[in-house]
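Two complexes are shown next, each including chain A; its partner changes from chain B in the first to chain C in the second.
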Partner chain A sequence: MALFDVSGYKSHSELRGQILGTGVGHLIDRPNQQFAVPVGVDPSGFLKSCSREGGVSIDLNHGTTTLAFKFRHGVIVAVDSRASAGSYIASKEANKVIEINPYLLGTMSGSAADCQYWERLLAKECRLYKLRNKQRISVSAASKLLCNMMLGYRGMGLSMGSMIIGWDNKGPGLYYVDDNATRLSGHMFSTGCGSSYAYGVVDSGYREDMTVEEAYELGRRGITHATHRDAYSGGVVNLCTMQEDGWIKVCKEDVSELIHRYRKGMF
Partner chain B sequence: MKEYHYTGPVEHRFSPYSFNGGTVLAVAGEDFAIVASDTRLSEGYSIHSRDSPKCYKLTNTTVIGCSGFHGDCLTLTKIIDARLKMYKHSNNKSMTSGAIAAMLSTILYGRRFFPYYVYNIIGGLDEDGKGAVYSFDPVGSYQRDTYKAGGSASAMLQPLLDNQIGFKNMEGVQHLPLSQEKAVQLVKDVFISAAERDVYTGDALRICIVTKDGIKEETVPLRKD
Partner chain C sequence: MSYDRAITVFSPDGHLFQVDYAQEAVKKGSTAVGVRGKNVVVLGVEKKSVAKLQDDRTVRKICSLDNHVFMAFAGLTADARIIVNRARVECQSHRLTVEDPATVEYITRYISSIKQRYTQSNGRRPFGISSLIVGFDFDGTPHLYQTDPSGTYHAWKANAIGRSAKTVREFLEKNYKEEDMESDTDTIKLAIRALLEVVQSGGKNIELAIMKRDESMKILVQEEIEEYVTAIETEKEKAEKQKKKTLTLFD
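Showing the complex of A and B:
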């Protein structure tokens, strides 16, 4: 809980947790989450080494294309919706845009569990910030919090490439944060295995003075063409936009229909 | 008779995991949810047990199906039961299906670097009484679905469910909502198909039907070969 965090109070149940291990939960919030680590093995290579013996194959959900760009009227965020576990498509309708609060969005690429967990933790920290400081957290600070969380676990095999999009006093904000604790501010980013294809499409169609409809169309095209060429991206395009009064969900369209629209001569 | 020996150095390794097979399936309807699993427990070429169901009842409105490594399934369900009791004692009410799903996600992620080798699917009723299915990966990434198959035959069953429940890859078909009787029959047919083609699935099928009146269990025999 917030007061425990601030006062550094160590209740006896936290000590019990250290003795008994992290398997059983506590009644109160755990300020210092401890992760179980395999003994004597490098965590980043551990899962791969187990996956060859006796039919064991632990595949974690992965893969994506996401993109976001700033333009005159705000920020456009477009993501695909495929979650693959090895070569199996675990989900065709994964939600890769995490709603941190009505003025902050986070996108998700890389390992699905890592993104969901750390961005949910970021949402909790943003809420605590708002309660303690009586004003909304800036996009710069929120992305820095996430970046520092990643720094704590650098080299342990986390996989997360995320963009933090928001609107604060300084206007629209777009930051790229990844599992190496890289944090970059910019006007346009694309992440995931299909990002190269998306960059090509968005770079060639981008104009700073686009209308809102043109910007939506550019975001849709970027993702559609990436899903067409990248095996690990697909499903539907989820398009959101960030404006001064918050984010709104624009549309959700199946890429197979979109690709037919865009490549009329081809099929 | 000539005898053959391997006479070189051999590396021995201890693997903390093993694969015990089994398939789990969950379907959400308008006012019901179905969680079904086969009951075969295997390891390598052997069958350890023909009566080891993989559905576990959590509350009156939620059932979880766990397949993968049986040791981790047992420990994980013990931990979930303990956390449910703690919640019940401190909040004086049972956990809802959505809350159990969110809690399971953090329990699984707590072992991000040494995962539980379990593929979970939760089936139950949400606060509005509608059917809900939540599917997980081994480290806690989850989402709400209408239907999901997990375990050894999941790649065979999921496309069949996409076609029959999601009406995918069919044209000019009326999208009728799924009734409980039709859903139960579909689950039985789908498992019979899985038992035909997956060596780790078979013996018997345990179906748990969750409605507002409680949880009903049914057992149906499958191929034992």
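Showing the complex of A and C:
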């Protein structure tokens, strides 16, 4: 790689290799080395200077609401579709669910660019895994790959809060992965600045033995109420469900119509 | 012009002579045999005679790579040590990244890639070992793979490597019966019988390791091997007597 040679970056990458392990074999395509951070650029230092005291404050907020929860018949995934740049609504129909393959989904919250890039890279790795090992990648391995990618750029200002949802031979899988390389397995997660509102709704309405229709309703309500109160969420609810034979797209409904359904007395 | 100086050079008729010579080194190593049964996998090696003062427990030709995979090799012991170390690290690395134990095929593929890399780098020579890798995947299927210095690998039902590998393989081809593989004892007996063909002085010079599904590798002690050998010899005598009887009938 020309930039790699010119920048004289080798020593840092060798150190990184020592810490994170070189020769990882077939599992990672070494995505870390696709970005040679040139000499003299210090992302973490730059970011520190952007927070509050330093002067200019660049507030990286995660304008979104996404949620996912497991229940008896699979996993429900619901996301909003507003893309905001500060107080400007850049898109009301952004797609925040990436279809990695017919049995793996990823949600996006945080910086749209980071989410899209890294999750598409994850999709490439999952495809390579299947070709090399003749077996689908497990949800835990896919989330681990994404988490390790984040670890390579920890502290450098990536912003991504995502959930990896899938069904493998261990059953339904739901993992939360974020830009700090946190990786958690769980039964219910919600991310983004509207997540608190969504948690309130889903936590109070959740029952493990819900029917499929009740679960769809719960997912829709969670997002709708969050978009009602959070300025940075809105647009439509994109609802998908993950079942044993893969995911299906359930519906795409405008929240301004849904909110009337749920809050009859309000308007 | 000799074409075996630098490994990276093909000869005019398409040979990589260094790889061929590595396979000759393998043929000098002591025999190893592997058999894949339905519920048990077996690896047997010919124990090389040790000097009087040498502690023979330090010479182990059967190495475990993980809880569910182990291997035996034939050829240069020092080369094998390097391969085994790298394979052990890769098994753990796989567990860490994928959160599942590596399949036998995966670790075989990894070992073969290392071997192939050394046939295509300048300044390096190929590894002088062939290995037999056995184990169970986490879904319970047993596997036996063989790798060689060129970096190719194949799956086998039963195979042998090292000195007199050809004789042992012919014996296995003649005596391998699919139904016998259902029984653990018969699988183990087949491996021992195959080794007895080429090993001098019987059971004393055989080292055997078995692994049953969901259990860890077990290296049989000398007494257990002697039991099997005695059982085999009694069966052999019985078969001889049967043959003699039928012969005399049709005199």
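The definition used in the following text is that the second predicted complex is superposed on the first by the 206 of 267 C-alpha atoms of A that agree within 3 Å, B and C clash if a C-alpha of one lies under 4 Å from a C-alpha of the other, contacts with A are read in each partner's own complex, and residues count from 1 in each chain.
Going forward, contacts are C-beta pairs under 8 Å (C-beta built on N, C-alpha and C of every residue); 3 or more make two chains touch, one makes a residue touch a chain.
These numbers come from a predicted model, not from an experiment.
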{"item": "Touched partner set for A:Ser138, first chain B, second chain C, both or neither", "value": "second"}
{"item": "Touched chain A residues, chain B compared with chain C", "value": "B"}
{"item": "First, second, both or neither for A:Arg127, with chain B first and chain C second", "value": "neither"}
{"item": "Partner chain in contact with A:His73 - chain B first, chain C second, else both or neither", "value": "neither"}
{"item": "First, second, both or neither for A:Gln116, with chain B first and chain C second", "value": "first"}
{"item": "Set of chain A residues, in rising order, touched by both chain B and chain C", "value": "24-25, 27"}
{"item": "Contacting residues of chain B [partner chain A, same complex]", "value": "13, 15-19, 43-44, 69, 75, 79, 82-83, 86, 90, 103, 105-115, 117, 135, 137-143, 145, 154-155"}
{"item": "Chain A residues touching chain B - in the complex, by the definition given at the top", "value": "22-25, 27, 33-38, 43, 46-47, 50, 53-61, 83, 85, 88, 90-91, 93-95, 111-117, 156-158"}
{"item": "Residues of chain A that touch chain C when the two form their complex", "value": "21, 24-28, 133, 137-138, 140-141, 144-145, 148"}
{"item": "In the complex, chain C residues that touch chain A", "value": "90, 93-94, 97-100, 103, 106, 109-110, 113"}
